[in-house]
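Structures for review follow.
You will see two complexes here that share chain A, one where it goes with chain B and one where it goes with chain C.
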Partner chain A sequence: MRARLINRDDIVKLVRILMREYEVVAPFCSRGSDTVFDVVTEENIDKIQLHVRNPIYPPKRFVLPHVEQMFEFQMSEVGVSAIPTYNEKPRALFGIRSCDIAGIKHLDNFFLGREFVDPYYLRQRRNLFLVNVVCTEIGTDVGEYCFCLCADTGPAARDGFDLQLMDLGDVWMVVAGTERGSRYLDLEFMARGDDSHIKLRREILSRVRHQFFDKQTSWFSAAMRLITRLEVSESTWEKIGRRCLECGGCSFVCPTCSCFTVDDRRVSAGKAIRMRLWDSCALGGFTRMAGGFNPRKAVHDRRNRRFFHKLAYQFVLRDGSIGCVGCGRCAVVCHGAIGMPSVVEIIRRQELGSQD
Partner chain B sequence: MQQILTTCPFCGVGCGIYLEAEVDRVLGAYPSVTHPANRGRICLRGWHVHELCITPARLRKPLLRKNGQLEEVEWEEAIRFVSERLESIRSRYGPAALAFLAGPRCTNEDAYILQKVARVVFGTNNVDHGYGAYTNTALEVLLRSLKVPASPAVIEDVGEADLLFIDQVDLSRQNPTVGGWVIRARESGTKVVAVSYRRDRITLQADIQLYPQPGTALWLYGAIAKVLWDRGFIDLEFLQKYCINADEVLRSVQQYDLLRAAEICDVPPQLIEEAATAYGKAKSALILCSTGGEARDPLDLHAVVNLALMRGHLGRKGAGLLVLTEHCNLQGVCDMGVLPGYLPGYTSVFEDEAMDRFQTLWGVRPPKKAGVTATDVFAGANSSGIRACWLMRFDPLILAGFSRAFEALRRMELLVVQEAFLSPIGKYAHVVFPLPAFGEEDGTYTSTERRVQRVRPVVFTSSVMPGWQLLTELAKRFGHRWAYSKPADVMEEIRQAVPFYSGIGYESLEHSFGRQWPCTQDRPGGTTRLFEDGLRERQFVMTPIKVPSIPAHPGPEYPFRLVFGQSLYFWHRDTYVNNSQVLLREHRVLLLDYPDGFVEINPTDAERLNIRDGRAIKISSPLQSVVTTARVTDEVRPGTVHVPFFVREVAEALWINGAEEIGTLSKPVFVKVEPCAE
Partner chain C sequence: MDWNIYTPRPAIIDRVVDEIPGVKTFYWHFEDPQEEERFRKFLPGQFAQISIYGIGEFPASLPPSPTERELFFTIRKVGTCTAALHELGPGDRFGVRGPYGNGFRMDEYAGRNLVFVAGGIGLIPLRSCIVYALHKRDQYKKIQVFYGARTPKDLIFLNDLVGWQQSGLLECYVTVDRATEGWKGNVGLVTSLFRLPGVEVAVEHSTAFVCGPPVMFRFAIRDLLAMGYHERHIVSTLERYMKCGVGKCGHCCIGVAYVCTDGPVFTYEQIKELGEDI
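Moving on, here comes the complex of A and B:
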C-alpha cells in the first residue's frame, strides 16, 4: 500500500479537490455535542471535524437510503410500464470511520456478493469514494460505547477504503487503499514519509488499542459460541426481549442491517412510485406473514432473531463476517439498554454464571 | 443536503430529532444524541416521521364543497366563502354559535392566533383544544393544587430518582421515550412501583406491580396514604408549612382501612403495604402520571397529587411529580389559552384586572363568560347551539369520547377544517384549508417538561398558507389588521400575553435545546424544575378524599368490569400514523388478526367461560348487549373486559350518557360475558 504525509492545513485542499468530482459528505458539529454527516460547501468547509464522536445517523444511508424511490410506474390501456429511478450521484464520504467501512463491506457482500445484484445499491456504491479516518483520540473519536476492537474492525481499517487518513500529531498519514485512491497521492502537497512515520503509526495504534480496555468491551466469542449451539435459554431471551420497546432504532443505526420494506404510492391518475424504506426485525408487522401466521409473535422471539443473525456462526459463514462492526450506535439508541454490548454481557453472565 | 434539528410531532416528550433534507425533499430522520429529553433515543414514530413529509396524500390547495363534493379552489375563493358564511351565522345567531377548536398538534403560534381570532374578531370564548375531555381534568387539578398547570418535574428526573411510582399510564405506548428512561433507571438500581389496570411492557418489569380493579384507584391510594401515615412516612412539617387543607387530608387518610381497600381493589394487602413502604422510604421518589390518555375522575388525580405532597419531595432533583402529556403541543395549546375558561397564560375570563391587560394588548375586551368545550359540542346531547365550527388540526371523529360527533357535525352550517391531510372529518367539511405538514412548518411546541422548542421547516411549499397566516387574513376581512409576517412576530406578542413566556424569543430558542418555562426577563435561561428555588408558605392546596362508597353493582350476574381504553391504541387512528406506511402497518397489526375489532379478556376468565381467542363473544350490561370478537390476553387482569376505543359497535351499544361518564377507568361498566354461537 502506498502512503504519503499531509499537513493538517492541507486537508481542506484535498477536500476541495474531491469536490471537483464528488459531492463530499463529512462530519460536522451540531447542537450540544451532536455530530452529523453533511454535504461540504464553500461556506462550511472550514468547519469539517475529523476528531468528533461518530455521527449517530450511519453513513450506510448513502448506499441504502432511509427512503428511496425505486421506480415510477405508469398504467395505461396498453399495460404497466416501469421506469427505474437510479441515483448515480458521485459522492465522497470524507471522514468515515473504520467501523462504518466494515459495515459497507458487509452490505456489499449482501447486496452485490451473491446471485442477485441489487441495481439500486450497485449504482450508489460504485459512485461512492471512501476516505476513512483512523480513530486516534479517546473520548472523541472513540466514544463511550465503541468496541470496534472486539469486532476486529478498527480503530484502523485494513481495507475497504479508497483513502485513509491518520493523525500522527504534527502531520497526517494518507494511505491509498485502491487505484482510485492512489491517484490523489501524487498531489503536490503530499509529502513522502519515512520509517519513523510508520513506527509512529504503530505506536499510536498500539496506545489507542490499549486505552479501549477502560471502555465497554464485548466478549463476542462466548456469545457466538452459546448462540450458535442454541445454548442461550428461553428465559434469558425473554429477559432481553422484555426491555425492547420495538422502536427499530437498533436496525436503523446498524451499519450492517439491510432489511427494507416497499410501498407503492399513487402520485396522480395512472401514475405511482415504488419506494423502499428501512425496516426492522424488531417490529411485529415485519415478521408477520401474509397468511396471518407470525413465527415471531412474541417480542423476545424477534429480539433473539437479531442476535442470531448477527452472531450465529452459520450466518457469519454465509455473510462473510459477523454482523456487528462495534460502532456502538445500538447501545446509544436503545431505550431498554439492550444494544449489542449489553446483550453479549447478559448472555455471558446468565449462561456462564460469570459474576465479573 | 442539510441536517436540521427539530421537535418530534408525536407525543409530549418533545424528543429532539434531526431531519435530513435535500432542496425540496426530506430524506430521513434521526435522534439528537444530546437532547436532554431523549439523549439519542426515539420511538418508532420518530424514526418514521419523515414519511409524513413525503406522502403524496398531502393537501396542497383549499377544498370547497360544491354540489356535495369537495373541489379544489383558489385560496381567495375559499377565504371569501368562509368569511361570508361566518358573518352570516354570527349575525343570525350571535357569536355564541361559533366555536374554534384546535388539536394538540398546533404550534403555539397557530394556537395563539386561533384563540385571538375567536375572542377578538368574533367575541366568543368558544375555544378549546379538543382533548379537554381527558386533559383539562389534569390541568385543573394541577392548577388548583400546585398553582401551576404543568409538570413540576422534568424527564431527566426519571434517571435521578431512587424510586419511580408509575400511575396508570402505559409508557411503552404513550410516551415510549419515557418508558425507556424507566427501564434504564431500573437497570441501574432504581426501584419501580407500577399501578396499572393492564400489564404492559413497563409495568411487567416493575419491582412491585399493583393491578387494581378498574374504578378502585381511590381506595388503593387511600390505603397507600394510610400506610404512609401509620409508619410515619408523611412529612408533617412540610404539610403544615406549605399545604392548605393538610389537617383535613390527614384526618380523611385515617378513615381508610388497608385490608378493606385491598379487598375492594383485589390486590394483596402485603403488596400495597410493600409499595407504600418503598415509596415512603425512598430518598427521592418520582410519581409518573398522564394528563389523560384515559378519562379519569379528578379525585383520582388529586389522590396522586396528595401522595406527592405527603412526602414533601417537590422541587427536589429526581423527585416529585412528572405529569406526561400525550401530544407534542398539548401543554402549549393550553398555555396559549385554547381553553374556554382561560385566556393565554391561564388567566381566568372572570378576572377583571387581567382582562384590562388583554384589552390593552388586543384593543378588545374578551367576553366575561366561559365558552363551550369541545365535549359540549361533540359529546353532549346536541344542546351547544354551535352552528359554525372551525377545526384546526383536530378531528373529533378519531377520539373515543366523541364517537357520536357525526350527529353534531351534520348540523353545522359551516365546518371549516385546517389539516395537512384529509382525515375522516373531511366528509363533513364545507371547506378544507391545507396546513403545512411536519417538515414544512415553522413555529414552536411546548413539551411535557415545559420546554418551548422550535419546529423548523426543512422544505418549503409556497402554495400552502400556514395556519396563523390564514387566520390573520381572515381577521383582516373583518377589519382587524394584525402585523405578523412570520411566526417569530406572533411569539413576540405571546411574550406579552403569557407572563411565564416573557423571556422566550426565537433568538433565545436558537441556543441549546429550547427554554423551559417559567422563562422571564429575570430568568432568561428558563426553569428546569419547578419549586427548586424554595417554596412559599401555604403554597399548595391538598384535597381531602373521603372513603368512597362502593359503586352500585347490578348484581352477581354482571361480574366483569368493562373499560373503554384509549392508551394502548392511542396512536391507532392518528392522522400522522395513518399517513406513514410503516407506522400504519405496526399500529394496525392486531387488526389484521382481528379484522372486525376485538375486546380483551384474561385467559383464566376465558377458559372458565369457554371463550376462545378470535371467536365471537357476547357482552351484556343490564340494559343492552353486543356481540364482538374476543382477544384472549394476559395483558388485562382477570375480571375485566377491555375495549379499544375504536371498536365503535361496543361503545355505541353500551352507550348511556356519553363516553366520558361511563366505561372510564374511574367508572367501569358492569357486564356479563359469554361465548356466542357463530
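Moving on, here comes the complex of A and C:
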C-alpha cells in the first residue's frame, strides 16, 4: 500500500478536491455531545471534526438507507410499468471509523456476494468513496463503549477503505487502500515520508491499543462456541430477554444489521411506490405470519436469534466475518444493558457457573 | 423496462375458481411470453412472490406441476394482500417474481415409493409433486396420499384425489378432525390413517413428503420415524414470513438457513440441524 504525509491544515484541501467529484459527508458536532455525519459545504467545511465521538447513526445508511424507494409503479389500462429508483449520487464518506469499515465489508459480502446481487446496494456502494480516520485519541475517538480490539476491526482498518488518515502528531499519514484512492496521493500537498513515520504509526497504534478501557470487553470465543453448539440454556436467554424492551435500537445502530421490510404505498389513482425500510428481529411482529402464527413470539427467542445470527460459526463461515465490529453502539443505546458485551459476558458466566 | 431481482413481472388473471371456503384458485399467464417460457421451468416445491401493486407482496407456493398446461396459484384469504388478490378477476393485472427456492428433487426419487402426508392447505405445495409423479408414473413405484383437514369442507383438491384413486394411479386415504352431517369417511388426525386396517404405509425405498401445520408435522414425523423411515428420506416444505424471497430481508430465517434460498424444501435431517425450532 502506498502512503504519504499531509499537514493537518491541508486536510481541508483534500476535502475540497473530493467535493469536486463527490458529495462529501463528514463528522460534525451536533447538539449536546451528539455527533453526526452531514454534507460538507463551504459554510461548514471548517467545522469538520477529525477527533470526535463516532456518530451514533451508523454509516451503513449511505449504502442501505433507512428508508429507500425501490420502485414506482405506473398503472394504466394498458398495463403496469415498474420503474426502479436507483440512488447513484457519488458520495465520499470522510471520517468513517475502522469498525464501521468492517461493517461495510460485512454488508458488501451479504448484499453483493451471495445467490443474488442487490442492485440498490450495488449502485450506492460503487459510488461511495471511503476515507477512514484511524482512532488515536482515547476519550474522543475511542469511547467508553468501544471494543474494536475484541472484534479485531480497529483501531486502524487493514483494508476496505479508499484512503486512510492517521494522526501522527506533527503530521498526518495518508494511506491508499484502492486504485481510486491512490490517485489522491499525487496531489501537490502530499509529501513523502520515511521509515520513521512507519515506526511512529506502529508506536501510536500500540499505545492506543493498550489504553482501551478495560471495563468494556467482549471475549467472543466462549460465547461463540456455546452459541454455535446450541449450548446456551433457555434460562440464560430468558435472563437476557427479561431485560429487553423490544425497542429495536440495537439493530438500527448496528453497522452489520441489514434486515429490512418492504412496503407499498398508493400515491394516486395510477401510481404507487414500493419502499424498503430498516427492520429489526427484536420486534414482536418480525416473524409473524398472516393468520397469526409467530414462530418467534417470546422475547427471549428473539434475543436468541439476534446473537445466533451474529456469533454462530455457521454464519461467520457464510458471511465471511463475525457479525459484530466492536463499535459499541448497541451498548450505548440499550435501555436494558444487554448490548453485545453484556450478552457475551452473561453467556460466558453461564459456562463458568457463576450467579449474577 | 429495466428489470432487477426485485421487479415484479406483469401477469394477467385468466379465470378464478372457488375451492374450499376462503380459498380461490387463480389461473394466470405472464404478459411477456418469454418470461412465461423461462418461468415454466420451475421445480415442484418452488414458490413465487405475488405483487398486488400498491398493496404489497407475498410468497405463494406453486401448486401446478411444471408438466401441466396452466399456471395457477391457490390462495387462502388471510391478510391484507391475499384479501386484495381475492378481489381480482379475469383480465386484472398483478405481479409475479420467481420461481424461487430449491424445490423437491423429484427425479432423484425415481424408483422409490412416494408417501404424501398432508394437513389442511398443506396439500397445496405437495400437489405439484403428486401431479408431477402422476405425469411420470412409470418413474415411481407406489404413490400413497394421507390427507386430513379440520372438517369436510376444508378438504382441498378432493375431487382430484378421488379421481386419481379411482383410476388406480395412487392410494388415497382421507380423514377429518371433526365430521359434519353427511360425512361417511374417516374421523381423526391424519396420522390415524397410518393405522387403518388394510393400510400398509410404504417404508422401504420410500420418500415421505410432509406438509401441514406445525403440530401435525411433529406427530407425522414421530410416526414415520417409528415406522422405520430414515431422517434423510422425510422431506418437507417450510413456510415463513417473507418480504424479498431472495435471501436479503432476513425475515424467513430459521437458525442457519434462509427458507427462501436454502429451502423451502428441507429433509428432516436438515431441519434437525437448523439450530432453531420450526
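Throughout what follows, the second predicted complex is superposed on the first by the 349 of 356 C-alpha atoms of A that agree within 3 Å, B and C clash if a C-alpha of one lies under 4 Å from a C-alpha of the other, contacts with A are read in each partner's own complex, and residues count from 1 in each chain.
Basically, a contact is a pair of C-beta atoms (placed from the backbone, for glycine too) under 8 Å apart; a residue touches a chain by one contact, two chains touch by 3 or more.
No experiment lies behind these values; they were computed from the predicted model shown.
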{"item": "Partners on chain A (chain B, chain C) - clash or fit", "value": "fit"}
{"item": "Contacts of A:H309 with chain B and chain C, given as first, second, both or neither", "value": "second"}
{"item": "Partner chain(s) touched by A:E115 [first = chain B, second = chain C, both, neither]", "value": "second"}
{"item": "Contacts of A:V332 with chain B and chain C, given as first, second, both or neither", "value": "first"}
{"item": "First, second, both or neither for A:D263, with chain B first and chain C second", "value": "both"}
{"item": "Partner chain in contact with A:I45 - chain B first, chain C second, else both or neither", "value": "neither"}
{"item": "Touching partner for A:P84 - first (chain B), second (chain C), both, neither", "value": "second"}
{"item": "Superposed arrangement, angle subtended at the Cα centre of chain A by chain B and chain C, nearest 10 degrees", "value": "80"}
{"item": "Which of chain B and chain C A:R288 touches, first, second, both or neither", "value": "both"}
{"item": "Chain B versus chain C as contact partner of A:D279, first or second or both or neither", "value": "both"}
{"item": "First, second, both or neither for A:H66, with chain B first and chain C second", "value": "first"}
{"item": "Lowest C-alpha to C-alpha distance for chain C against chain B (Å)", "value": "8"}
{"item": "Common interface positions of chain A, toward chain B and toward chain C", "value": "261, 263, 265-266, 279, 288"}
{"item": "Interface residues, chain A side, partner chain B - complex", "value": "25, 28, 30-39, 53, 56-57, 61, 65-67, 242-243, 245-249, 252-253, 261, 263, 265-267, 275, 277-279, 283-285, 288, 292, 299, 332-337"}
{"item": "Interfacial residue positions of chain C with respect to chain A in the complex", "value": "1-8, 10, 31, 51-58, 78-82, 93, 95, 214, 239-241, 243-244, 246-251, 253-256, 261, 275-278"}
{"item": "Complex interface listing, chain A residues touching chain C", "value": "70-71, 73, 75, 79-84, 110-111, 114-119, 230, 258-266, 272, 274, 276, 279, 281, 286-291, 293, 295, 304-305, 308-309, 312, 314-315, 318"}
{"item": "Interfacial residue positions of chain B with respect to chain A in the complex", "value": "1-3, 5, 16, 18, 20, 27-35, 40-44, 46-48, 50-51, 54-56, 172, 176-177, 179-181, 183-184, 187, 201, 204-205, 512-513, 581-582, 585-586, 588-589, 592-593"}
